[in-house]
Structure formats: C-alpha cells, structure tokens
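The two complexes that follow have chain A in common; it is paired with chain B in the first and with chain C in the second.
Take a look at the complex of A and B:
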C-alpha cells in the first residue's frame, strides 16, 4: 500500500518525517484448531504515518481485532500463528523483537483500548493501581510519582474528582467512566500509537459520542497516532483520516474517509453503506448484503466476496484480485477496476449513486 | 464489616435452635421404646430403665425436657457420657486438639501441593502435564482413605521404618499432656521431641489430605484457566507486564476466590473429625470418638457433638466469608 520503505531498524529512536510510524506488510495470522486452519488475517497491508489516524472497518470475524492483536503480539501461540508478513513500527519489525523488547513496546510505545470496559479492567485492583502499574513499568518513577501521574491522566480524560476515583474499584464506576479510565491508562505512558478496538461498542449512544469526542481531542492534543477498529461506519467517519475496509481476512478497500464513504469502489463497502438506516429510507425495509459471511474453513475460490456480490462474473471466482487503484484515487480489491470489468462498472456506479442518495450523503 | 459479623452471628441463633430441636427429638424418637431403652439396650431390666428415665428426666413432659436441655446447654453443660461418666466438654477439650492438628497437617499437604499442581496444569491445559495432574487428582479422590492409609503405613513404617504408623507421640518419651496438642506438648517437653510429634503427623495428614488435595487441584486448575481467558488479563499483557507478573498478580488474585471457598468448606469438614483416618492411625481425635460413642449407644455424646460440629462449621464459614471480603472488593458487607 505504501512505497516508502523503512530504514531497516538502524536507528530505532529517530523519526524519519516521511516514514510511516506503523507499516503492516502482508500480515498473515492463522489459527490452527481442531477442525482445520482459520486464516483469520491473510495478507493485510496498511500503514499509519506519525500522528495519523486510520480506521479499520469490517463486520465481526473479518479479522480486524486479530490484526490489532497481531500488532501487539497478543495472539496466543498456539493455537495462533503469525504465519507471515512484517510489522514495521518506528524502524523495527515487531515480529522480530525478543519477548522482553516487545514488552517495552506494549503499553509503552503502543497502547491499546479495549471494547468492554466492564471486563477489561481487573475487578480486584483499584483504578489508580491499574493505571500506575503501567506508568511504573515504562517510566523511571517511584510509586508516589506514578500515583500522581495516574491522577493527572484521569484528569486529562475528563474524569471528575480523580483523587477519589483512583481509590475506587472498576465496579464502582459507570461504563463511560471505566472507558475513560481505560483511555487514561493507555495514554499514561505517552505512546506513539494507540490501538482502540471497538472503544465505543459497549457504551450507551450518548456516552459513545462523548468518548469519541474525547479520543479525537486527545489525539489532536498529544499527536498520538490512532488505529481505530470498529464495525460502525459512523464512528470512523467522524474520527479518522483514512479507512481500510476488511472482509474475510483481507483489506478490500482503502482510501481517505471521503473517498471510501462518499464514493465506495468495492461492492462490499457499498453494501455496508447501503445497510445504514437513513431518513430517506424511512418506511422501507433495510437493505442487507445477501448471503452470509463465508465459513472460515472453506473460503470461496477467487474473490472472497464473490458469492455475495451482485456484479460477480467468471473472472471473480477464477482468481483473487489485487488491491487495485480505483478511478477516485482509493484502492479496491475488485475486478470492476480492471480493464475487463469496464463493461460492468457503469451499473455499479449507478447503484452507488443510488446508495449515496438514499443514505443522504 | 462489624455489622456483617454481628448479623451473621445473630443469624446463627435460629440455625442452632432448630438443630437443637431436631437433636432433642432424635433421642426421644429412637425406635425400641423410650430413650432409656435406647441407651441401655434391649436386655435392660425394667427397674433399671425406670431408674434411668427418672434420673435423666425422660419421664417428664417433652417441653419440660426440652427447656431443661436448652437451659443446661446455655450454661455450657453438654451432658455426660453414660459409659465413663466424663462430661462431654472435658472429653472434647482432650480430643479436639488432635483433630485440629490433623486438620492443619492435611490442609498444609492439600493446599501446599494442590495449588501449585493446579496452576501448573492450568498453564499447559490439555498437555501431558495436565494429564498427569488429572490422574493424580482422580487417584486422590477415588482411592479410599483406609486403603491409602494402610498401604502407606505398611510401606513407610512396617517395611521402611521411616515413619511411625500409630498414635500421636511415642509413649516411651513420656511427654506430659499439657495442652493436648501433641506438637505443642512436645515443644514444651523440649529435647527435640517435636520431631517425633511431627513425624507421627505425616502419614495421617497425607491420608486425610488426599481428597482435599484432589478437590483443591481441580478447582485451582479450573479457576486459573477461567480467569486466564478474562479480558482484563489481556489488558494486563497489553500493558507490557511480564507473564510472571500477569500470572501472580492479575490471574491469581482473582483465581483465589473460588479456591478460598473450597478450602473453607474442606476445613469445616476436616474439623468435624476424620473417622477413617483416625481409626486407621489410632489417632485420638473427635472422629474416632464419634464412632465409639455411636457403637456404645452413648447418645448424649453424639447429640452434643453434632451440635458442636454445627457451631464449628458456622464459625469456619463466617471466617471464610470475612476473608472473602478482603480478597474481593466487589463484596462489601455493609
């Protein structure tokens, strides 16, 4: 996806201006289970520039969380296996680091915010304990300084009375408060990259908006890069600069927010946009993508979306398309953008126009 | 916390009252005539039955007998044995220390080995190591205590002469019984007699601890595996903590909760006396006392002991519940 090659890890501390902070290349993560091998992530490429924001979008089981866990090397091996690819972060291939080097990256340089704030915090330790644990680990501070920094980081995420909150246990806080505490924990060590895995999915709608605003504001203030993982297109639309859409372990479309959401180039992305309820669709049945997500043990031949795709023809099941440049500058893994697909492109574009009309822009 | 304890103590009163009614009726409703016949046996002369009925108050109306019984209980009078005439309380104070020592020994064995084994199995689930641990715990739970006890006694005392097979102390050492805790008495006697007391404890503790060992191992394994899959363990790893710290801090603090409950329940059971173990190793505890009392139709002793066991059980449970609050902040008894 990117032509810039990293500096080979010669000087890990230095930030080369035009080098991406995170560069995932050909990542393949498999799970070997009783019934066979699940290729949860199968050749994923994307990059994030320093301070950049990328949204990874797709439905459940498409491999977006596995991608995040692979970057953090939190995949349980076995049954998991990172079967191939490179994850360049700040001049180093994370997949080649030793366990102890990787521990410095985890929490210190890349921090993660998880989906379920209720279950992602340890119920038997206070909020303060859990935040200062990470601070103590990655910084040369004593317990008292760490405790003070924990209070500061809670203040930074808009938690009221942080001096009191640090002494409380997770069950004593509301869902939104807990997610703020999670974000405070992630940001407490000033990471270069924050991976937020469905950070708002488990929250009430009003709280969702607050948390998204908070993530955006903190990102802008600290200059931390952000990888936002979500199934919710509305969430990425408001928060990130570029989007990568995943389907069955692959990126099927990538581009800027405007490119992907205003002029989708892949039938799957169009299908996702089509299934968003809109004012103009009131009273009509919600459209859905026909068919089901393919069985991970028996993926279809060729393009993985082809059995559900209204535009598919023989070429689609014969071989899998590459991530090809689309007319609007985005990239799409679809033969519609190959010379052979030219004949069908008009029908697709008409249908996209109808979709955008019904979603309401 | 204090309010919780007081509330629990008040809650124990109806339990004990109910139990006292059942135990009281149990003696009066025994088959074969009245309570005096039950105690004296079928060959007793009518004169003797009448005499016992009168001295024990069995000829009074039931409610008078019951209030009389409760009145004596409240004064700490748990009655006396028909066999040797000693008061239940006196005999209990002589025998209970032996049971306590055996309980502590069995718990040290069961907890000291069960928890590390359970953690080991949980760290490599479904591996050959896990398989071995499963076999050990199934062995512990399925082998009868008397088979294990006699086998160990035969191997380690009769054949190898490594450890003594019966009793709590070598009678030749002539250690005076001060506290009736054999280990404490041996320490008081000096001369390293404590080694003899401890060596007597080894085999009975293993025999008695085999079932708790199996239970604790299984619960620890299940609990650690359960907690390992929790989201907060992933959070802890994402912070960059070492596996060691994630295990000892984030997993074990949570995994302890069900293990504590099981240890508490096992303790309550062990304190009620280990009938088989005490019999096999001729151990002078409450377990063997219950058996001889039942065999001798010494119903006053049996009746009082059951009530005392209930008190012990309630106390142990209360201690476990209070300990639970310290381990689990989600439980605050207020």
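Take a look at the complex of A and C:
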C-alpha cells in the first residue's frame, strides 16, 4: 500500500476522489494492566471510502470496540496506549490531532452510536438539550436554531411528537426510542462517518429490525459513511457493503459481503458460518470451532488461530501470516493463500463448499 | 381449584387418547404482579405477565417459547416450576396437579422439574466451590433411597455430571470465577441435571454466549436430551436458534400465546400477524436473501396496561390493511385451531397470506415506524 500524503487539512470539506475517507493503518492499541499487557488491537488495517459501509465483526473480546474507541480517541491513557499505527481521516492523521481539534472531529465529522444508549445519554438532561448541545458545539447557530434542528433531527429518525419528546429525559423513553434519539444526535451535525458499535444488540428483534432499516434508509439518504460493529454476521449481511472479520486483535479476513459470506477465505470465518444454527442443520449436531478464544496474555506463536484451526500445519506456528490476497479478490490472513499453502487449498475449498451448502434458510 | 382439577382430569384423559402423551400441561395459567404505589403502598395496578396461557408439552419434545422482552416467557417458566405463585389456572405434570402439591409430594415434584438460567455469570454463587453449587440441590433432595445426604455419594454424582457436560471431575473444587462463560453455562446445566429431572426449562441458555460457544452448548443440550430422556421448554428470543433446536413453538405477545405450531409450519406459513412480523425481523447471514422486511410500528405496549380486544391491535399491519375492523379493538380473539395442531389467536388469521404480507411490506414507511403505542 502506497503512502497517501496528508492534504494538510486546508479544506476538510473537499474529498479527493479515490482517497478513502477513513484509512486505519497498522493500528496497535495496548492496555498495560497488573498481569501484563493486553494487546487488544495489534496491527489492524482497513479503510472506508466516502459514503461506504463497512462491517467489523468478530466474537466478544476480539478488539472491535477498542478499534472504534481508538478512532474516536476515547481510549484512557494510561492504562491504554496507542502503540503504533495511523488513523487517516479526510486527510489528517487523527492520532496527531490536539485534544481540542479532536473534540471538533468527535460528534461533528465522526459520530458514534453505542450499544446501550442509556450509558451514553446523560440521565439528568432532556433529550432536546443533549441534541441541541451537540449542534451548538459543531455549528454556527444560536440556541433557538439549535433547538429547532433538534426537533427536526428527531422527526427525521421517525420519532413521533418530537416537540414533546425533546422535553423528556432518557429514562422516559423506551429502548427503541432512545436508540433513535442517539441516531438523531449522531446525524444532527451531518457527520461524514458514523460509527455504530452494536447499535441493536440490546434491542428486541422487531425493534432491531426497525433500527437497522432506519440506519440503512438514513445512510442511503445522507450518504454518510458507516462503520457498523457487531458480532452478528447476519446483521452485517443486510446492512453493509464490505466486511472485516477480527480475531485476537487482528483483521483476519476482509472483502465484500458476498465474498466473505458466500465464499469465506479464512478458516475462522468458515468456523463462524458453520456454527450459526439454521434450519438445514436441524437434527444434526452443529459444527463447533474447537477450543476457546486465546487468553490475551498468552497468545499462541504464529497464526493466532492456529491452535483451533483444522487446517494448521508447521508453517502456521512458525510465523504469523500477513493479510494475503485470496483467489476471489478478498484478503485473508492465512497461509492457505501463500504459495506453500497451495497444495492444501483444495481440501479447504471443498469444506467451505459444504459449509455454504448448510448455511441459510 | 376443584373446577380446574376436574378440567385437568378431562384433558389428560383426552390427551391419553391422542397420539402423543402430554407431559406438561397448563390451563388458563395466570401470573399477575401487583404494582404498589401511593403513600400507603397499596396496590394500584397489576402487571399481566402471564394471562390465561393454556399449553401442552409432549413427552420428549423440545418446545420453544419465543416473543419479545417482557412478554412473559420467564414468568411462565417460573410459574410452572412454582418459583412464582400462580394467580390462577393450573399446571399438570404427568397428570398431577403441580400447583396443589405440598410437603413431600412437592419436594419430589421439584426434582422432576428443573431450570437452566440465561445468565451464566449471575446464577452461580461466587463464594461457593462447584461441588457445593451442584451439591446443594442434591443435599436438599437427599433421602435414604438416593443417599445424597452422604458427602461421598454426592461428590461422586457431582463428578459424574461434570463429566456429562464435558468438564473435568476435579473442577468441582474450583470457584465460578475460574471458568469462562461457556464453562459456567455447563456448570448450570450439570446442576439442573444432577437431580435427574424429566422436564427442564431452559431459559435463554445460550443468549449470553458467543456463536462458537453457543453451538457447543446447543449440541450438549441435545445430546443430554437423548441420553436422559428429557423434555425441554426452551425459551429464547433468537429465532434462528429456536428454528434449529425446537420441534414445536409457541409465540407469546404481552402475556398471551398468540400462535402454536410445528416449527416448519410456523416458519413456512405463520398465521398470526405478529408471528409474521417477528419472523420477518430475523436477519439472515446469506446476502443473496434480500426479501423486503415487514417492520412493525412502535414498541411493545406495557403489560400493566395491555390494549383492549386483541393485544396486538395497536401495532397490527393486518388490521390496518383491513381498514381497522372493530373486533380487533373490542373482542379478544381466542386461540383457535386452523389446521391440525396449528393454533392462532387472530380474528382474521385466514387473511394472512404470502401476498398480503408482501403488499403490506411494500407499502410501509420504514422511517415512520416509531409511533406512540402507550
């Protein structure tokens, strides 16, 4: 990957064609705790084009939220440390911005929607005050105009009687309404990028459907880029264009939704797809990924998935693979896609074909 | 109670003539929680958590109970097990009136009915070693015949069941914090099964777990069912898990059962408008499947103040399509049989067709779904 020269930030509004809006390169975020160092994110690369949608998926503890918080510069230092990497956003490396510059990016150009809106909304202020405050901070408007825009933004996310809702406190709203209010707040400053960290995990399935449809409709209407974080492969399948799969602090597979979900190129992704219960598997045992997620203090040598991988061979524990191009155009951090792995690829591909046969309904 | 018992006898007799023996049956089961308020803390209302639920669960089957948060699934399970006191109705297990039991008979019944909880973290006492966590129930159920009051026999059994759920015998000396989420869930399962139950309520046993661990636990539960001849009431809100795991399913909405059917029948041809929307909300991991969803309006209303008539009428897409017929808001639809074993509680269930669903999905407004329902 060639280095992209920063544009100097003269006009943050101008987007250069072909340049990603967000480009995360070699990000490393560590936590120094009593028992040692947790390398929560250890060399993450991915990018999002302007208006693009990317899903970051992986199991609990793989580093999804830490990646998002690093982009937003919300990591507490110490115990956290950004041990390496660059986060280019619209021509600037966010890691080099001053705190006050970052405050303008956060909530203005990049907005975040969290899993549990109760923890990110302030319980002692009304919904209207909280949205107005965000608008005042990032726009040249007076209080009255901000209050009007707060009502408009609630209306835009389908909140009924927004004039009444702005006077209510977070606890007076249902979970679905609160999540809509969070989305309204996120969109109120026309951000270029919205990061949604498990935005529907705490919600019921019918409310989840409402919110996902809403996010899709608003994304299409406003053209904002979206980074959607979730552990649910089905949620990303419906919502984004490209997927990055994380395991133990790394991206192990990246590609379009079709590439990753219809023809997974990494054994871990295959394992995840295999363990999703589906109607075609009824009466049969679900296939499981053997073993457990590695202890962050004792990561295995070489490929981090190697102790659980059914295809592992000597090369896998000797050194760690890079993200290699796979035959279908996706990228996979797996030696099966290196020249030495060529002889083993056929078995893998056969097994993937069987997996795909059993997925879906 | 006599009324209920006589009806119980009747239905058990009816069941006996049917094809499959019924293990557990509820008749008009009700559980209302009082809402206290005012200066004198007197009752100002009720939460109608379970309201008139009549269900039959066959011996050896896995019956799934689905529905959104707060619809009463857990309360239903707890009331059956007598962990909550029923407000009305009856529960029978193998023909015995569970709610009328007391003393030794109740103690014996408790052994036959067990529960596995959702939260593998909160449900194990952090200050007890695993041997005591699992042994506690055995000690309480100990008698001359089983010898469980003797430590050595108890420990032997604890070890056996730890092995049955795929853990090592010597883990019995450890404490809960030394285990991962998936391992703790196994301990919870061992605790429930060590008593040798016939009927197990699995209350969201995999909801708190990652997919890779979830599949291990589901496999374990189905192996154990075969090994110990268990009947499961499997409560879950993940509809893909239920579809994979259960033979028959009951759909709950605001304290009521709105539909019961065999799993394949329910997923292929749901007949209640709520079930249709619930199934349509399931995200699927296959990007080729991009059907238009039917998105429900608004939130689930409060079970303390359920809508009149049909409880679903405030959010019902079919009612809207039919021009808001009066029955929906005035008359409660009974749970009626539409085809062999397929029950639904909707006045207009016959109008729920694939075409009607498609048309309703095509004309909805995704953004304006947050209506006030309270």
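Basically, the second predicted complex is superposed on the first by the 346 of 361 C-alpha atoms of A that agree within 3 Å, B and C clash if a C-alpha of one lies under 4 Å from a C-alpha of the other, contacts with A are read in each partner's own complex, and residues count from 1 in each chain.
Please note the rule applied: contacts are C-beta pairs under 8 Å (C-beta built on N, C-alpha and C of every residue); 3 or more make two chains touch, one makes a residue touch a chain.
Not measured: the values here are computed from a predicted model.
Visitor: Based on the superposition on chain A, does the combination of chain B and chain C result in a clash or a fit?
Guide: Once both complexes are aligned on chain A, chain B and chain C fit side by side.
Visitor: Which partner chains sit in contact with A:138 here, chain B, chain C, both or neither? Use first/second/both/neither.
Guide: first
Visitor: With both complexes overlaid on chain A, does A:287 touch chain B (first), chain C (second), both or neither?
Guide: Second partner only.
Visitor: Given Cα centres, how many degrees, to the nearest 10, is the angle at chain A formed with chain B and chain C?
Guide: If I round to tens, I get 70 degrees.
Visitor: Could you tell me if A:166 is touching chain B, chain C, both of them or neither one (first, second, both, neither)?
Guide: A:166 contacts neither chain B nor chain C.
Visitor: Going by the contact rule set out at the top, does A:184 touch chain B (first), chain C (second), both, or neither?
Guide: A:184: touches no partner chain.
Visitor: One more residue to check, A:235. First (chain B), second (chain C), both or neither?
Guide: A:235 sits against chain C, while chain B stays out of touch.
Visitor: Which chain, chain B or chain C, is in touch with more residues of chain A?
Guide: Greater contact footprint in residues on chain A: C.
Visitor: Once both structures are overlaid on their shared chain, how near does any Cα of chain B get to a Cα of chain C? Whole angstrom is fine.
Guide: In this superposition, no C-alpha atom of chain B lies closer than 5 Å to one of chain C.
Visitor: Across the two complexes, find the residues of chain A that touch chain B and also touch chain C.
Guide: Of chain A, no residue contacts chain B in one complex and chain C in the other.
Visitor: Can you name the residues of chain B that touch chain A in the complex?
Guide: The contact residues of chain B facing chain A are 230-232, 234-242, 250, 253-254, 327-330.
Visitor: Please output the residues of chain A touching chain C within their complex, sorted ascending.
Guide: Those in contact with chain C are residues 59-60, 156-161, 174-177, 180, 204-210, 212-214, 216-218, 231-235, 237-238, 257-258, 261-262, 271-279, 281-282, 285-289, 292-293, 359-361.
Visitor: Which of the residues in chain C come into contact with chain A in the complex?
Guide: Residues of chain C touching chain A: 68-69, 180, 182, 210-216, 218-219, 222-223, 237, 239-241, 243-245, 263-264, 267, 277-278, 280-290, 293, 295-296, 299-300, 366-372.
Visitor: Please name which positions on chain A make contact with chain B in the complex.
Guide: Touch list, chain A to chain B: 72, 74, 103-108, 111-112, 114, 116, 119-126, 133-134, 137-138, 169, 171, 182, 185.
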